Amino acid sequence: MRHKVILDPAFRRMEEIFHPDDLARLHAVCDVVWGKDEPMPPELIDRECLDAFAIVTTRWRYGELAGLPKLRAILEVGGRHPSSAVIDYDYCRANGIRVLSCAPAFGPMVAEMALGMAIDAAREISAGHDAFRAGSEKYLWDGNVDTFTLYGETVGFIGFGGLAQCLKPPIAPFGCHLLAYDPWRTDQFLKDQGADPVGLDDLLSRARVIFVLAIPSTENRAQIGIRELALIRRDAVFVLMSRSHVVDFEALTTALVEGRFRAAIGVFPQEPMPADHPIRRAPNVVLSAHRAGSIVGDSNLIGRMVVDDLEAMAQDLPPWHMQVAEPEIVARLP
Amino acid sequence: MRHKVILDPAFRRMEEIFHPDDLARLHAVCDVVWGKDEPMPPELIDRECLDAFAIVTTRWRYGELAGLPKLRAILEVGGRHPSSAVIDYDYCRANGIRVLSCAPAFGPMVAEMALGMAIDAAREISAGHDAFRAGSEKYLWDGNVDTFTLYGETVGFIGFGGLAQCLKPPIAPFGCHLLAYDPWRTDQFLKDQGADPVGLDDLLSRARVIFVLAIPSTENRAQIGIRELALIRRDAVFVLMSRSHVVDFEALTTALVEGRFRAAIGVFPQEPMPADHPIRRAPNVVLSAHRAGSIVGDSNLIGRMVVDDLEAMAQDLPPWHMQVAEPEIVARLP
Amino acid sequence: MRHKVILDPAFRRMEEIFHPDDLARLHAVCDVVWGKDEPMPPELIDRECLDAFAIVTTRWRYGELAGLPKLRAILEVGGRHPSSAVIDYDYCRANGIRVLSCAPAFGPMVAEMALGMAIDAAREISAGHDAFRAGSEKYLWDGNVDTFTLYGETVGFIGFGGLAQCLKPPIAPFGCHLLAYDPWRTDQFLKDQGADPVGLDDLLSRARVIFVLAIPSTENRAQIGIRELALIRRDAVFVLMSRSHVVDFEALTTALVEGRFRAAIGVFPQEPMPADHPIRRAPNVVLSAHRAGSIVGDSNLIGRMVVDDLEAMAQDLPPWHMQVAEPEIVARLP
Amino acid sequence: MRHKVILDPAFRRMEEIFHPDDLARLHAVCDVVWGKDEPMPPELIDRECLDAFAIVTTRWRYGELAGLPKLRAILEVGGRHPSSAVIDYDYCRANGIRVLSCAPAFGPMVAEMALGMAIDAAREISAGHDAFRAGSEKYLWDGNVDTFTLYGETVGFIGFGGLAQCLKPPIAPFGCHLLAYDPWRTDQFLKDQGADPVGLDDLLSRARVIFVLAIPSTENRAQIGIRELALIRRDAVFVLMSRSHVVDFEALTTALVEGRFRAAIGVFPQEPMPADHPIRRAPNVVLSAHRAGSIVGDSNLIGRMVVDDLEAMAQDLPPWHMQVAEPEIVARLP
C-alpha cells in the first residue's frame, strides 16, 4: 500500500525545492496530493488530510493532530522546527509522528557565503574593489596594511549546530584553531568535534574571526550586547550569518560606525533595512542583504532531503536525512 | 665547519621574509653575511662572495659563477627562477650549484585570495555590498538572480603548478569537477592529481569557474586572446590571478565591458593601471590591485623555506622545501 | 537537583567499561547508585529504582516501566538494543524514556580486526608464518602465488551500520570500490556514503573482499546459504565478523573445506566450537575465536559514551553519543 | 624525432613490471629496443646504446657513460639507486643525464604488509589462528590478555623516506602519535610531515609499535644492536620491513627467543634462512619470508612510473614520477 503525502510547500515554490528527478522519485513511492506553489485550499485540506501519512509544509494549518490518525511524519520545509506552541511535540512522540526539519539544507550555501564574506573582510576584497573603481587602489604591501589570511588563525563559532558542521570542511584547509561556544552542546561534544569549548566572553576576546551561527532561541535574544561587543579584538572580523536575533544590532552598529573592529553582515533585524540606517555607512563592513540561503539549484537539497526520508519511510525504514526534533531543543525555540 | 651565507634580499625587507625564530635558526647553523634591507654594497660583494656557500637574493649581481668556487646554492627570494639568460643553469648543474626558488611561498596567500574572489564573483558579494551601500540591495531570491555556489561545479585550472597545488585543498570541500590545462605537465600527471587533462579551448568552453594560475613563459604570452575569450560560457567566472601576461588584456577588457561573462582580476598588465582604463567601469568584475601575495606574516614562509633548506644543506642533506630548477622549465622562462 | 543513575553493568565489569576519568565525570553530575561488578541485589533494585532518572545495564530486570515514573533513559551496555519483547519501546516513546545502546563502542576494535584479518587472508600472513615455522617458507614471487593487495579492489559490505562506518576510514587509503547491501538502508543513503547499493547476489559475485558486518535480525538468519556461497568468486576473501547468524555456517564450512574461496572468520555459531569441527582444518582460512571486541582499554569507549550522554541529559540537553533506538529497527531485532 | 629507449629489465620480467596499457603508451612515444625478459645480448648493447636516449635496467652493464653521448636518462627498475661506485653521478649531472629509481613503486605493497603484520602482532591474529587450529583458542577477554589496538598509540618510524610516506595514509585513521628518526631528514622536515623528530634511543624506548623502514646506507649497518634492543618496551611490537641490514639480527633473535618484546619480521639477513635458525622458534613473532614487495599486478606500478617519466621526457618535460638521485643521498648508499 502506498502512503499518501500532502505536499503543500507554500511560501516555497515547487521548483525552488524539488529537482525533477527527486519529484519523480517521490511519485514513484507515494501518492502525492497537491504539490503546487499556491497554498492548498482549506476544503482540500479537510478532505485529504484525514488519511495522510505525511505532510510537507512550511506552516501548520491542518487542524488538530488528533484528527489525523494516519499521520506519521510532518516534514517542515521552511527552515526550522516549529515552536512547541504550534506543534504538540509530546503528542507527536506519543503517537509515533516524526517532526522533521529541512534546516540542514541551507548549511552548504550559507557556509560558502560565510567563508566568502570572512575572506572578503579579512583580505578587504570589497573595499579594495571600491577603491579600484574610484581610482585609489593600492598595490602590493600598500594594499595590505590591515589585511590578514585565515591560515592558522583562531576562529570562534558561536553556535555549533548544522551550519557549523557545514562550515568546518571549507575552513579546515586553513588550519585554524577552533573555539566554540554553544549552550546546547556539552564540552565533550565540542571537543570531539575538534573545537575548544569556551565561554562566550572568552571566545569574543580571543578569536580573530568570529562566526555567529546560532539559531534564535528563547535564551539568546541580544545575547551579544554592548558589554560583549567591547570584548572583541580591534583586529577581528565579526561575521554575522544567523541570526541578528542573537545580537544587539544597534550596539553593533554603534561599534562598527566607530570602527571598533571589522565585520561581515548577512542578516538584519529588519529586512529591508531602513534607507537611512547608519550601518549602511559603517567603515570596514561587508554588507549582504539576507540572501545566503536562497540559491536556485542549491535549494533543491530541501526536496532531496524530503524525498530521501519519505522514500525510507515508504520502505518502513527510519528517515536519515532531515533533522529530527529533540525535545530539549524544540522546548527552547521561540 | 660552518657555511658562509650571503643574505642580500633587497628589494624584499628582512622582516618581510624572516620570522625572528627562523632567522635565529639560520644563525645557529651558518655564518650570515649582510642580512639588511638595503642592497649589499658592491665592495662587500667582491670581498665576501669568493668563499660563499650560498647566496640569498632577488636579483643576480655577484659576477661570474666561475669566480665563486665554493658556491653550492643560489636561493632566489623574488618569486620565480631567474631566466637562463641571467643564470647559466648548465654551469650550475655541472658544478653542483643548486638554484632554488621561493615561488611556492606565495601559493597559500594567493590561493586564499583566488578562492575568496571566486566566491565573491559567484555570489556577488562586492556587487551586493555596493548595492547595499547605495540603498538598492535585494533580499532573498531577488538578490540571487545570477549567483551560484561552487558546490559541484566544473572548475578549470589554467596552469597546474605550485599555485594550483595550493588551491586544490581549499577548493576540495566544494566537490568540484576539475579540468586542467598545462602544457608543462603530461596528461598522466594531471590525472594523478585528480584533474581531467583537457585542451585550452575545451577548458574555456566547459568550466563555470576558470582560474588562470600559469606563470609567464616564452610560449604563453597573450595565449588567451579574442578567439579564446569567445569560448567562455556567459555564466562563467574568469579569475585572473597569475599573470596578466597570459591574457590579451585589452581583449578581455572589451569582453567584460560588453558583459560577456563575469570576472575577478588580481593582476594587471600595468601597475598601477591608467586612471581611465575601461576595466575600471566593467560590470560584473571584481578588481583587486596586485596584492594577493603581499601579506606581512604570511610572507615569512619565504624565509622559513630558505632556512629549512640551508639547514638541510648545512647537515649535508638535500634541500626539500624550495622549488628546484628543472632544465626543461627554466629554458622556457622569459 | 542531581539525577539518580542506577549503574548495574554486570556481566560487564566496571573497570572494563569505565576509565577512571569518565567515572569521575559521572559522579560530578549524577548521584550514582551501585556501580559494582556484581549484579545489583533485587532488594536494592526495589528500593532505589523508583526515583531513578537513568538505568545503565546489560539486561532488563527492573520490573514494569510503569513502576518507574522518573525514568528518562535506559542505557544498555551489553552491545545491542534489547528486543521489543523485553522493552516496550512504544511505552518508552510515549513517556519520554530514551533507550540508548553502546553498540557503536565496539566498532573501532572490530573494524581494525576486520581489516587486519582481511589483509592477513589476502597476503597470507598467517599461512606464510606457519610455513616459515615449518621451514617451508617461500620467498619473493614464489611466496605470492595467490596473494593480492587491497589497493583498488572491489570490496563488499554486507550490512552498512555502525561497524561499516568504522571500517570505512581504515579501508579508504586503499582506494577500493565499495559495494553495499543493507536492507535497512535506502539506496540513496548508501550512495551518499560513497558505496554502490547492490543486491546481495550481485555483491557476492563481484567483490574481491566481502565483509559480513550485519547484526542479527528476524529477517537475516542464515541468509547466506548454499546458493549464495556458490556465487562467491574463487579468488575472493570472505570476512565474517558480525555475526555467524547471517550465514549457514555448515554450508560455509563445506565450501571452505573444499577450498572454494578464502576466508577470515571471527565469530562462530557455537563458542567454543567443538574440538572436531571441520572448520578447524579448512585450508586458506584465518580463524579467530570471537574476541575482536574485547580489548581492555578500548572497551572504555562504552563508559565514555554512557557518561557523555548522562552528562548531556544532566544539562537538559539531548544525548549525542550512544545509538538511539529507531522503531523500525528495534522491531526487527530478534 | 622519437627517442630510442633501451628496455633491458632482467632480472625482472616484462609482464612483472609492465601493464600492457603502459607498454602501449611507451611504444606510442619512443622507439623501444629489446624489451624481453632475458638480458640484452652484449653485441646488441654495443650496437644499440650509442644513440640511446634512455636505458631501463636493473644493473649497469652498458660501458662507459662517456661512450653514450645521447644518453639523457638511466631508469633503474631494480629497487634502489645504484651505488656511486657503479654510476658516476657527477658525470651524469654535468652531462644532463638523469638517474631515476623505481624505489617508490614498492611502497604501497610494503606499507600494506607492514600494517597487516603490525595488526597481526598487536592483535595476535597468527597466534590466535594457530591456537584455534590446535583446539586451544581462547574467547573474548581470555583471548586478549596481551593484545592491543593501534588506536591512539605512539608509533615510531625508523626511516622517513618513500616507504614511510606510503605507510602514513593507512596508519592515519588510527590516530597514532608519530615519532620519527631519520638522519637523512632535518627535524623541520619531519615536523612538517606531522611526526615528532626524535633520537633513535628515544624512539625505541617510547614507541608501542616500531616500524623499521630505513634503506641500507654506509652508516646504518647493525645500527640497532644489543644496547638499542634493550631500550624497547616489553609491550612493544617491533616491525622489521626494510632492511635487516639495519639490525643486529642475532641480537634481535636472542631478545625475541627470550620473549623480550613482540615482533613482525619480513626481511632476513640470509634468504632463505637456515632451517635451524632459532628465529623460527621465537615466541610472539610473526614471520614472513621476504615477499612484501613482490605482488604481480601491483608490481606494474614500476612500469607505470617508467612510462610516465619517459612520456614526460619525450615531450621535453621533466620527469615527475620516479625518484631522483640526490647527491647527498647516493653518496651514502652502500
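Each chain gets a letter, A, B, C and D, in the order it is written, and its residues are counted from 1.
The criterion applied here is as follows: a residue touches a chain if its C-beta (ideal position, glycine included) is under 8 Å from a C-beta of that chain, and two chains touch if they have at least 3 such contacts.
Owing to the predicted nature of the structure, the values given are computational and were not obtained by experimental measurement.
Asker: Which chain has its C-alpha centre farthest away from the C-alpha centre of chain B?
Answerer: C
Asker: Would you kindly tell me how far, in whole Å, the mean C-alpha position of chain D lies from that of chain A?
Answerer: 51
Asker: Can you check how far apart chain A and chain B are, centre to centre, with Cα atoms defining each centre and the answer in Å?
Answerer: Inter-chain centre distance comes to 36 Å.
Asker: Do you know which chain D residues sit against two or more other chains?
Answerer: none
Asker: Can you work out from the touch definition every pair of chains that touches here?
Answerer: A-B, A-C, B-D, C-D
Asker: What does chain D use to touch chain C in their complex?
Answerer: Spelled out, the residues of chain D in touch with chain C are 16, 108-109, 112-113, 115-117, 119-120, 123, 125-126, 128-133, 135, 137-144, 147-151, 169-170, 172-174, 271-273, 275, 280-281, 286-291, 294-298.
Asker: For chain B, which residues count as touching chain D in their complex?
Answerer: Touch residues, chain B against chain D: 90, 93-96, 184-186, 188-189, 308, 311-312, 315-318, 320-321, 326-329.
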